[in-house]
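A quick write-up on the structure given underneath.
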Amino acid sequence: MTQAEDVIVSKQLARLKEAILNGDVNTAREAATILKEKGLLPLDIVNQAIKPAMDEMGKRYERLEAFLPDLVLAGEAAQEALKVILPKEGEEAFIKGKVVIGTIYGDIHDIGKNIVAAILSANGYKIIDLGNDVPPERYIETAKKEGAHIIGISCLLTPSMYYMRDVIRKLEEENIRDKFYVIIGGAAVYPDWAKEIGADGWAKDAERAVQLCDTLIERGKELPKPVILGEWR
Amino acid sequence: MTQAEDVIVSKQLARLKEAILNGDVNTAREAATILKEKGLLPLDIVNQAIKPAMDEMGKRYERLEAFLPDLVLAGEAAQEALKVILPKEGEEAFIKGKVVIGTIYGDIHDIGKNIVAAILSANGYKIIDLGNDVPPERYIETAKKEGAHIIGISCLLTPSMYYMRDVIRKLEEENIRDKFYVIIGGAAVYPDWAKEIGADGWAKDAERAVQLCDTLIERGKELPKPVILGEWR
Amino acid sequence: MPFRELAYENAYELAFGFAKKPLSYGLGLSVGDGKVIPEVKYLLKPGLEQNLNALVEEYKKVTLSIMERAANLGVTDVQLETEFVEPMTMNPSWGAAVIETQKEVLSTYYERYGIRSALRATIADVRRFSKGLRKGEYFQAIMDSFINAAESGADLLSIESRGGQEIFSYSLIRNDLAGMLFSLGILAPRDVRYIWKEIVKNAKRAIPAGDTACALANSAMVLANGLVNRKIPHTLAAVIRAMSAVRTLACYEEGAMGPGKDCAYENVIIKIITGYPMSMEGKTSAFAHSSLVGNVVAAACDLWSNETIVVEDTFGGKTPAIIFEMLSYDTALMNESIRSRNNKILQQLFINSDKYRDPQALILSPDNAFRIASAIVSANSDYERTISAALEAIRIIEDNLSILNMPEIEKRYLATLKNFFEAVPDEHKLIEESIKKYSGKVPEFNATNYEL
Amino acid sequence: MPFRELAYENAYELAFGFAKKPLSYGLGLSVGDGKVIPEVKYLLKPGLEQNLNALVEEYKKVTLSIMERAANLGVTDVQLETEFVEPMTMNPSWGAAVIETQKEVLSTYYERYGIRSALRATIADVRRFSKGLRKGEYFQAIMDSFINAAESGADLLSIESRGGQEIFSYSLIRNDLAGMLFSLGILAPRDVRYIWKEIVKNAKRAIPAGDTACALANSAMVLANGLVNRKIPHTLAAVIRAMSAVRTLACYEEGAMGPGKDCAYENVIIKIITGYPMSMEGKTSAFAHSSLVGNVVAAACDLWSNETIVVEDTFGGKTPAIIFEMLSYDTALMNESIRSRNNKILQQLFINSDKYRDPQALILSPDNAFRIASAIVSANSDYERTISAALEAIRIIEDNLSILNMPEIEKRYLATLKNFFEAVPDEHKLIEESIKKYSGKVPEFNATNYEL
């Protein structure tokens, strides 16, 4: 790389980082495209711009210098950049894992699930979002078809909690319970519910959902389940 | 019996009934003694004085013409009369059943248990009262020794509820679960708790505890358990 | 018939226990006529909706536990709300059986102890955006449920309708103010008007009572969370509440008559406009969700509710009976203040104990709610009303900035809000842009659901 | 040192949030000094007392959930009460570990958000009548628990001592008034004095706070039940409450300094006599038990409590955090009334909304509590005080018969009560007769437990 190109690259890295922090999808896409054209490796772009931006946003959020939508928008800008820089083939090598996510049957409150999906995806997970009101079977069909690592079930309404159990029961019936980690969350479900239905994890909020997925993917086999991250309110 | 004696008998029956209604133990004992000396059969005394008196008291209580202590005192007077008229030998023939009763370990609130004991006893049950703070084993030892039909466990304090379950578990371990009906009650335990621990019955209050014992003794074998009498508040 | 004027001359006139248009219904109940009445709501644990007999039996027990508590406490006026869960709504005859049984219990207590009572049936909005909001199996199930509930003796009919929720959920977590305005100012009122016209038609002897922006403004309130754990700006949640009053008002313009539903915190504004009695919930709804408006909303209530509580047997009795006891002491306090003519003082205490806790409390304080209500009735369309409500809420927060204890980031956000609402596109343009923007991007969004 | 005078000149002087002798303790907390503070109590589900780590962890979670809610609601003053269950009391080091952990959490919130707080440790009275009330393993466990709790940072020490309960339980359900008098007027005060002398000795840096007639008067209150399901006369329950004030007062005469414990409804009377701040509970304690005095007792409170709630995770959060939210809105209302100098009006509303509901509410109304307090301090011994309290309570009920809505049977019972208390034996005679009467008959009764 020439020195002039070096300057362009570091300018665009800064621009990408800034675009992510601003949740500016278009600028993020542009900067990422230039960086790719300049021949930067995807991993370098991730490590030098995308990850630092998301970490910075996480800190701002914690310090109440940003709100949750800022986090979601940053995540979407980061995702856009990732889309540009990741090769179509072998994309798998760059993702931490695949998560099938949805709000359980009978429940149409999707805000929590949407937040988790956005944040997970910004943190390197490939998300297959089934939407709301998802029947138990659909999680399983999709997880099998997509070769997912994690099934994430959200539930805001107490009466729907019981359908979560059905997902796990059906996995057991099909003898594929150990093929997927099942994680649960949402206003209706507390840590003990994860234990009761035999889920693999529970997280208090979207940020902890990322940690939860990381933990399960990295050393899920050795840990006692469920893994509980955060305190019930 | 002469006509004069006839008059004495019916006078003393009325006196006994009145004494029970007044909770007057001494008069009840006197009247019962006279009736016994006059050769009246125990069953006649029960049917003509004791039972009508207790029924009448039950009605008064229901109509809020009497309070619970009136019921307890009447029960004690009735018991005193029964003590006089029942033969030492063959007493068994005159009692409906034997109930081992106590407030469970860790709980020293005995008011509810005392009420139930008094009312059951007035209604023809022989009561073996273990007092308060009774360890699970003691119910079983005593029930075996006394040849009891029913084990009654009372519990006012939530933290002690779990010891109730131990009574049933220990019965099962000894393979004598079907030798006794286990009934539970007290402010801490609601109907579902009876179901959860596998008890045979739950009653809302002392009066229903009598009905519950009657029901179990008469047709306990055929009924689905637990038998629930009354509504949780 | 649009409201063009306020039912109240000024904020001071607004009182708890008194509505300009009181209602009489049920077993001798009078609402908004000089007293505040406890309204208790409960949610059965899941599982029972599989078996009609068990379901009816459980509702009967709940009703008995509440009425027995009322008798034991000497409470003379009681309202119950039965919120249909989805399976009950999908099987309208089940809901009917529940209502009938509950009303029988209420009659017994009316005859035996003279306890006046009524039953509100809240039908679940089971509609799926993908399957049509205005027709089809789900829509029909709702209407059949209303008809059945009314025929079985329900005194009041309510729903938490969800029109606009698909766009709202999407835009709220992306801070997409145009999306929120599209949802609250265009989609939601259109849906409310449509569904309430139908409900009013089907109400029969029951009173079409009212709707709530639960799916919208309460989602924002829950995300806003507390003073420490705020996930979205509280200024935004407050402005959304003000805006949501327009869609809730629409049901009354289509024939609903009150009492409004408890979880519609915007009811303070609605009462000022309509004069209808309102049910409200505050501190006692903490089993359903936390809020920063536990006292202030009592200032305008005619019924005082707990939002909901999961039915369980506990030490102190059945949970609905327990929470009813708490409500009844609160209403006893309010009613004693009315009797002794101290109600304006008590009302002021309710207001001032919350008013400056949070912008959400600030804008629901009667004086400020009055300003928002005035802004709403002065505007012409639902869309303009929604913008006016937002702008007025922003102005109210600005006017009180010095006394509100808010972090800097909230103050900066308020400027963002103001900039947006001062330069909104006109209605047609927003519709056009939004349809283009959200079609495809929000899979559940379908403009034909709103005849757009 | 016996109280011979009242701390208050008249009933009107009595106020919530103000005590004649305010206290400062804990992390910056001032009690009875111009505001009412929420005091929240919780009961773990059984099972955890088997494992120290799990137990400590669970109490930590409970404490976190409450403090986080306080921060989110902007509540600045909080008191927690940890009631030791039996296994915790029997293992004093466990209680110490719990207290220490809880205090750490409180410190964090004090430093991070400036929330002032304190922790009350209530030790279980695990004594067995058959094994000695004044010595032995159980007595020692209690004292060790007090010492450990104080050393680990508990700010307040309390107990619900049970002296006299054996005779009370027996006599209450037999309407044996002499037995009740023996229990409340002789046994209970003797036990309270003995155990509190010991507690005061062992309190170290903690404040010996106060006792409650929970095992006695609250048993009667629970049996009295509601207006419909009354199992014992409410006139009796009311008179028992008045009598029970004498045994509770005894702890303050032995060195306890308040704040008195929440479930001592007799604290209205105690506050008038001692001037110490008092914790009280009313409507919000419905998860523990129903009562007919949900509002009236707030008239004299300095801390406002929920009695207890079983810890569970629910929809709205952990139950202690939920009930804390409710308490905090009630205290916010009271504190706003103090700020705006409307507190006498609000107090009167609390009083009048309950006063004539039931004789139990009537005698706890400040004016009547003042009469009972005066009767108590004018008498000479605990025994005579108890009789005076009963007679004054009877007179109060008689004075209000026409306005109290009581069934005939209650009125007849009142005459029975009056006849008894107007012709009671002298103390020595009652002791002699009672020892004779109950020895053997009440197996748990042992006169040496009271050095009689």
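Order of writing sets the labels: A, B, C and D. Residues in every chain begin at 1.
To be clear about the criterion, contacts are C-beta pairs under 8 Å (C-beta built on N, C-alpha and C of every residue); 3 or more make two chains touch, one makes a residue touch a chain.
If you're wondering where the values come from, they're calculated on a predicted model, not measured in any experiment.
Colleague: What is the minimum number of touch steps required to go from chain A to chain C?
Modeller: The fewest steps needed to get from chain A to chain C is 1.
Colleague: Hey, which pair has more contacts between C-betas, B-D or B-C?
Modeller: Between the two chain pairs, B-D has more contacting C-beta pairs.
Colleague: What whole-number Å value describes the gap between the mean CA coordinates of chain B and chain D?
Modeller: Here chain B and chain D have centroids separated by 34 Å.
Colleague: Using mean CA coordinates as chain centres, what's the gap between chain A and chain D in Å?
Modeller: 52
Colleague: Take the average of all CA coordinates in chain A, do the same for chain B, and state the distance between these two points in whole angstrom.
Modeller: 64
Colleague: Hunt down the residues of chain D that sit against at least two other chains at once, touch-wise.
Modeller: Answer for chain D, listing residues that touch two or more other chains: 68-69, 290, 310, 314-315, 317.
Colleague: Residues touching two or more other chains, restricted to chain A: which are they?
Modeller: Expected reply: 158, 187, 233.
Colleague: Edges wherever two chains touch, nodes for the chains themselves; is that graph a line, a ring, a star, complete, or other here?
Modeller: other
Colleague: So, with touch as defined above, which chain pairs make the list?
Modeller: By the stated definition, chains touch in these pairs: A-C, A-D, B-C, B-D, C-D.
Colleague: Can you name the residues of chain A that touch chain C in the complex?
Modeller: Those residues of chain A that touch chain C are 23, 64-70, 72-73, 76, 106, 108-111, 114-115, 118, 131-133, 158-162, 187, 233.
Colleague: Can you name the residues of chain D that touch chain A in the complex?
Modeller: Contact set of chain D toward chain A: 61, 64-65, 68-69, 313-315, 317-318, 321.
Colleague: Along chain C, where are the residues that touch chain A in the complex?
Modeller: That would be residues 43-47, 49, 85-86, 128, 162, 165, 169-170, 172-175, 215, 219, 222-223, 230-233, 290, 310, 407, 409, 413, 443-444 of chain C.
Colleague: Where on chain C is chain D touching in the complex?
Modeller: Against chain D, the touching part of chain C is residues 68-69, 71-74, 113, 225-229, 282-284, 286-290, 292, 294-295, 310, 314-317, 322-323, 325-326, 328-330, 332-333, 335-337, 339-340, 342, 345-346, 348-350, 352-354, 357, 405.
Colleague: In the complex, go through chain B and note every residue touching chain C.
Modeller: Interface residues on chain B, with respect to chain C: 158, 187-188, 190-193, 231-233.
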